Amino acid sequence: MDESHLDKLHEECAIVGIYGHPEAGNLAYLGLYALQHRGQEASGIVSTDGKTFHQEKGTGLVADIFSEDRLKRLKGSAAIGHNRYSTTGESLLDNVQPILVNYALGTLSMVHNGNLINANFLRDELEAYGAIFQSTMDSEVIIHLIAHSRQRRLVDRITETLGRVRGAYSLIFLSEEGMVGVRDPYGVRPLALGRMKDGYVLASETCAFDLIEAEYIRDVEPGEIIQINGHGISSFKPFAPVPNAHCVFEYVYFSRPDSRVFDRGVYEIRKRLGKELAAESHMDADIVVPVPDSGVPAALGYSEASRIHFDAGLIRNHYVGRTFIEPQQSIRHFGVKIKLNAVQEILEGKRVVVVDDSLVRGTTSRKIVKMIRAAGAKEIHMRISSPPIVSPCFYGIDTPTRQELVASSHDLEEIRKYITADSLSYLSMEGMFRAVYHSESGENKHFCTACFTENYPIPFTGEELIQLGLFEKEEGG
Amino acid sequence: MDESHLDKLHEECAIVGIYGHPEAGNLAYLGLYALQHRGQEASGIVSTDGKTFHQEKGTGLVADIFSEDRLKRLKGSAAIGHNRYSTTGESLLDNVQPILVNYALGTLSMVHNGNLINANFLRDELEAYGAIFQSTMDSEVIIHLIAHSRQRRLVDRITETLGRVRGAYSLIFLSEEGMVGVRDPYGVRPLALGRMKDGYVLASETCAFDLIEAEYIRDVEPGEIIQINGHGISSFKPFAPVPNAHCVFEYVYFSRPDSRVFDRGVYEIRKRLGKELAAESHMDADIVVPVPDSGVPAALGYSEASRIHFDAGLIRNHYVGRTFIEPQQSIRHFGVKIKLNAVQEILEGKRVVVVDDSLVRGTTSRKIVKMIRAAGAKEIHMRISSPPIVSPCFYGIDTPTRQELVASSHDLEEIRKYITADSLSYLSMEGMFRAVYHSESGENKHFCTACFTENYPIPFTGEELIQLGLFEKEEGG
Amino acid sequence: MDESHLDKLHEECAIVGIYGHPEAGNLAYLGLYALQHRGQEASGIVSTDGKTFHQEKGTGLVADIFSEDRLKRLKGSAAIGHNRYSTTGESLLDNVQPILVNYALGTLSMVHNGNLINANFLRDELEAYGAIFQSTMDSEVIIHLIAHSRQRRLVDRITETLGRVRGAYSLIFLSEEGMVGVRDPYGVRPLALGRMKDGYVLASETCAFDLIEAEYIRDVEPGEIIQINGHGISSFKPFAPVPNAHCVFEYVYFSRPDSRVFDRGVYEIRKRLGKELAAESHMDADIVVPVPDSGVPAALGYSEASRIHFDAGLIRNHYVGRTFIEPQQSIRHFGVKIKLNAVQEILEGKRVVVVDDSLVRGTTSRKIVKMIRAAGAKEIHMRISSPPIVSPCFYGIDTPTRQELVASSHDLEEIRKYITADSLSYLSMEGMFRAVYHSESGENKHFCTACFTENYPIPFTGEELIQLGLFEKEEGG
Amino acid sequence: MDESHLDKLHEECAIVGIYGHPEAGNLAYLGLYALQHRGQEASGIVSTDGKTFHQEKGTGLVADIFSEDRLKRLKGSAAIGHNRYSTTGESLLDNVQPILVNYALGTLSMVHNGNLINANFLRDELEAYGAIFQSTMDSEVIIHLIAHSRQRRLVDRITETLGRVRGAYSLIFLSEEGMVGVRDPYGVRPLALGRMKDGYVLASETCAFDLIEAEYIRDVEPGEIIQINGHGISSFKPFAPVPNAHCVFEYVYFSRPDSRVFDRGVYEIRKRLGKELAAESHMDADIVVPVPDSGVPAALGYSEASRIHFDAGLIRNHYVGRTFIEPQQSIRHFGVKIKLNAVQEILEGKRVVVVDDSLVRGTTSRKIVKMIRAAGAKEIHMRISSPPIVSPCFYGIDTPTRQELVASSHDLEEIRKYITADSLSYLSMEGMFRAVYHSESGENKHFCTACFTENYPIPFTGEELIQLGLFEKEEGG
């Protein structure tokens, strides 16, 4: 699942919160570990016993950052944690969450999955009122708004603050009083609630519950504020309802297949994406080969629907380190070769359907096709179990610029030529939603499809359109 | 492929040699990286320009040990490298290969995959003649015998030395004059020869050739000594021929599926093992689920032969670190949970065939069965694509003691009960060799099956039998 | 000079600023290195080219923190740096300066030597207005006040801010516009201004100038704000003048002997402290022995005045690491022994005058006296080249609690008994000022002597008195 | 005492051995720490309980290498340790002592201070008999000869071996039977014997005894073999006596001033060297300034004898790291400046006598003279408390090549000009020995003076003369 070297969109973050367990820090660590696929650059945990707060953070993988000593220091029965996909800017560690501050009501810590679209505007305003910013994270704006609020209770300050920010956010707060979990009114990013024998857990995906043996209760609902403290759980829905806009790409690629996300099982949806793909673009062939690991469920679905044999024609090397030192006399398709190898005895002389979950720049697909062809395949038919990606995400996904998205400026045939496949098909929007809803209609009722359609569900102001490069685009288009 | 936390037999080592390439050190590094599955504890490389020798070694993963600086120091157009599965004894680094020494003929470096059975005897003798030993490796004996030889050429000293050692060994030597590759007369461990545009390569498996774009020529033959230097390649076969005894477990589990080993493709054999398994122990069921990653090809074969749907019901987490910190209040099946998670929506209510490549102690299988049952499976049928393991290997495989091998003292029904499965079947010896040879007969002509049969192909002396605990066993049996 | 294991008061910080030099980051590093004696726990540097800011910080010694890579990243022609004596609190790195923030006017970085006495009060007030605090440093208050100011120019905001804070502060700011240096109106902590061929430098002590070959111009004056930018230097004195209160302990112990501090040479003062000490408490003896390294100049002065031979009877080991592992069966006076050893051949049978610069808890002196006696000294006369320390410092010095200051509750004879010396004398206040001013009168005109006299030159509010534990004391006294 | 960056000769090693103490590993660590000035590049300790041997070694300072964990692993009541000044060759750690091997009699570990002059010859012979060498250390020859000996007892094998090696060696061996200490017949390098409440200790210098509270008994005598085991101490003197040739440079510079070496106190000798220097080359001046730290005792002696005031005009910075990053626009005398600073107020307008212990290349002296002159000194008179160094040491001291020894090819006036001093004087041979013996005669009865005189006390063979570049020299001279 560490596909960070491959040509993928990347989820920016994972968040987790534990309340009411004597080993909260350790469980937060296990939760982050189970959510490692949502961010591999940096991690942090803040824990508390309701009085003192402890913080440990670092760059690298969860299992490398948190030594036994560091975990021991994370005392207390409540803890929140964060994995980060990438850290930008000069001062790396300053941008690692949880944020932890002192303010008028005491101590406050916060983790954020998502992205605000009016952060710059709010930041300017807050600075005009005397706020100082110590990171380049949009998330810091939320903390400042809470600190500037005149409400007396934290939950009211959070409500007031969220009335001002726009964008995608799943948040977990930790204070002396307890833990608070929030999802934005559109419900763009996931956040699930679970129960342990002792206490409660919040996490981006349910695979974190499985590891720590928590039981999934339900999702935090869009626009819901859930407060967890010594008195149990209470729920608020202070915002006017808006149509749901869950990120459909969670199903396409981000989430772990063993997770339940937006209250649906990911694995089965992913397999149905493959079945729909087979139905839409069937092609006589000898074998179906997935691009591992993420292409496996769709390829299995494709195989079942098409009755073409599934075979593991590409083998994954899982020992890839951070920085791989390339020889001077460069090897063909080097970047892909350190991750994948083609099995010649499977591929030689075959007509091969290659199934991948998505196609972003096309650079990796091109290398994979060439590698399979070098292994002797007779025909190579690339099948993508999602529609073409044409526009960037502003809700917490690391997308390349529009220019780098090959489908934003090239038609199907041009892309096929570029990746040197014999044929290329994407899944249609209707096919995707047939798979997601497991129904015939193919209508989208609850999902954000901005990256496939440019229909951004959260309205932009004119200034934001210009800032994000969407306005000129509109003109140009 | 890092299955070191699971209940497996473990290959002790990988070896690689590069000759005649301006970036020999870097290619040796890539080769070791491709062979990481054969040893994750420590690695080392020695390179030379024919005059000066450079050495870099360390503990951990290949990609972590060799920084850009260290690779730059590995100058010269010839290099040999070694991955080690485990290091025992106090002084860790002293036991990391390559061995590098000065002796009467100049400088000599060596890597060894395998294990000698008369090392202790030879060691005592050498010490009596004044030799000093700086490691606990049996491999050091070979170097001493070469140094004590009176022959004038290195290759003659090697020949004389190998006439005295008994056991399994694939060796690569590096000296001022060139590179020498050797396999023991039985051909227990693999060693393949490849060609690059510039120079030659030797490696334990051909997957190393694929990464560095070398072309597979042939295996170094059992009992063959191959000398590679400025004059090209020359071959010697100084030993009387003996029946081949290739390690069949290379096909069962050790080798990467995309490798060619003993001149046969591993993936197809592994798939046929699954097909034979289905033929022998078919059982009506709803799905076939592999224990990832090593069980995948056999499970695919099983699924093809049985026409039961294959599904990825166990998801692997590939971010496992060295030392995982467990919470105090222990989680059920913790050791397996940090590696694997069961997908409830696939397994719930199903009759599940679980396919694994081998079963050693049974501890992990027991946890997996319980995890699958907790996910709601109705029936669980464990299928093992190799015969029961009843006795330890003395030829370079890390095997637990006979007492720990569950099949050495328990019958099928006892093991089934222990792992709590509804049924359990192993593949028969005949089935295994039908798959290996892709023929009907099921007769074993070239392979060592000691771990399944106690038939050790290399004769032991009486003293060795006692040392290895085999004699008492004989008596007892 | 790393006397952190010995029983000393400790300067909290060193600061340095470079403006107008193409290698500003590297010179800041050299400056911090020369000022390492003022803080060994952590260091940081922020540099800028007037647009982008770069930050590097870490824990440990300057020479260990700043690798070549990190120094290369500190681009730009202006830089400020900070050494810290100790970091308290959980999140170590958050408390390492320079502080670097974004606010309404752009970017601002700051380093602070000293301590504010009304920080808690201001912090509460700022939090009430919505400020968030990310560290436990009193220095963060200054940044917030600047951010909250409504003035349009940074220098006016600084002026407004400093009108609100009370305490000891030497500050250097770095912004897009340039560098600003400030000293509090009392001039408690030092700050010197120097000139290089290219640009200007500010530093706590002039020994930093010597290393980077800058020329000392003058001190930043008490209450002065010096602005350095592309137009050169400009000076402001916006505050009403108050009597000077320079920290006299800079002469006694903190500063390096080769520095010029408060426009006086430290070495000569320290030597005169020894001469005055000899004049006040002469005692027939055979040798004068310094406690190295800090006692050397005073011991030389004592020797010159008393005509008793100076000898290096205590040898210093300079290889002391951070954490020294003690054997279980503890060695007598272990803590001192890893730093100092007595030279028996010098001390045996002698009447020894031991000269140290100060005496805080008495624990180390007691061990030193016993060590010298064990080496065979006949008589041991301890001479301290400063008056008894009776009360804590609130202006930036790490002082133990009043209870730990042996002289706060014990008279001379009690202390002498405790340290087991044959006689003990401190220097008188008059003697100290005769040495400082090199004049007969012994009158104190410009120095803070709070630690010797409890006369705190900066007035406290009633609440502060209570907070600092001074009020009860007053009552008690 | 870390003067490794300055222009000095360097002692190659320190050795220590502990026998019969429950915390032997920890005491060996403390001993190495006290002997850190004799080698800062690498250290190692081997301990044993008489059965199992434990080894820990690394590069860097003692206090950094041995963590609490590593010390805990060094179990047993006997231990030996080694500090190394420099490691040459590719494989750094292979050259770090103790050597630890298995051989015919069991396990043997050894540490060596000194250098063998016939190592190459013996190495060739041993290799011809089949020995392999894993390091480039001459010390490895000793171990091989012991292993090849046919004697039945270790002590007899050692005796036989030492009959074959020529050169300087102080050795400590550790085996299952106990500890053995040896000094070569000339007694070139020191080795002292001490007693603790529990057990015995051997160390290069007595300062190691002081730290661990051992009592100095006597030196191991030249040519003596001391065996320490459960039966106590026994002594052998199997070699024909030869005239003593102690290294006089131990007094000049190598040893710590608080040590007793060759049964004489170092500090007092060093002070008398200064007195003799003053007597020989008095010069009217205002102050005597030592080059710290090693020049201090001689400068004190010079001051006493000349009645010119001693003053600490050069201040030492003790925080120097391994690799100091120099700015591009280089600072004058940079290398010296990071170590030393001149105190202007002491030096300005003065006639200064600068006392240093030795002068090797002259490069540092030149920088120091220029630095003192830049500080305003009127006259600078360099005084060296030892004779001119004209030839390299082959007995364990790191000497530059003859060409780099400024006194080997330049007369006094040329050197004076080069270092830009107003006058320069060395101490005479007679003066040196008057100081060493504290007698009038100045005759040398027991010391090696090869570096001052080219009279090498241990005879060379013709081949060795050629190898060491001494033969051609003879011809040329």
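By letter and in written order, the chains are A, B, C and D; residue numbering begins at 1 in each of them.
Keep this in mind: contacts are C-beta pairs under 8 Å (C-beta built on N, C-alpha and C of every residue); 3 or more make two chains touch, one makes a residue touch a chain.
Bear in mind that the values here come from a model prediction, so they are computed numbers and not experimental data.
Chain centres were defined as the mean of their Cα atoms; on that basis the chain farthest from subunit D turns out to be A.
Interface comparison, A-C versus C-D: the higher number of contacting C-beta pairs is recorded for C-D.
Note: centroid distance subunit B to subunit C, computed from Cα atoms, is 62 Å.
Remark: subunit A and subunit C have CA centroids separated by 50 Å (rounded to whole angstrom).
Here the CA centre of subunit C is 37 Å from the CA centre of subunit D.
For subunit B, the set of residues that touch two or more other chains is empty. Every pair of chains in contact is given here: A-B, A-C, B-D, C-D.
For subunit A in complex with subunit C, the residues that touch the partner chain are 52-55, 73, 90-91, 93, 100-104, 108, 127-134, 143-144, 147-149. Those residues of subunit C whose C-beta lies close enough to touch subunit D in the complex are 1-2, 22-23, 26-27, 29-30, 33-34, 36-37, 40, 61-64, 66-68, 71, 207, 210-213, 256-258, 265, 267-268, 293, 296-297, 300, 304, 309-312, 315-325, 327-329, 331-332, 337-338, 341-346.
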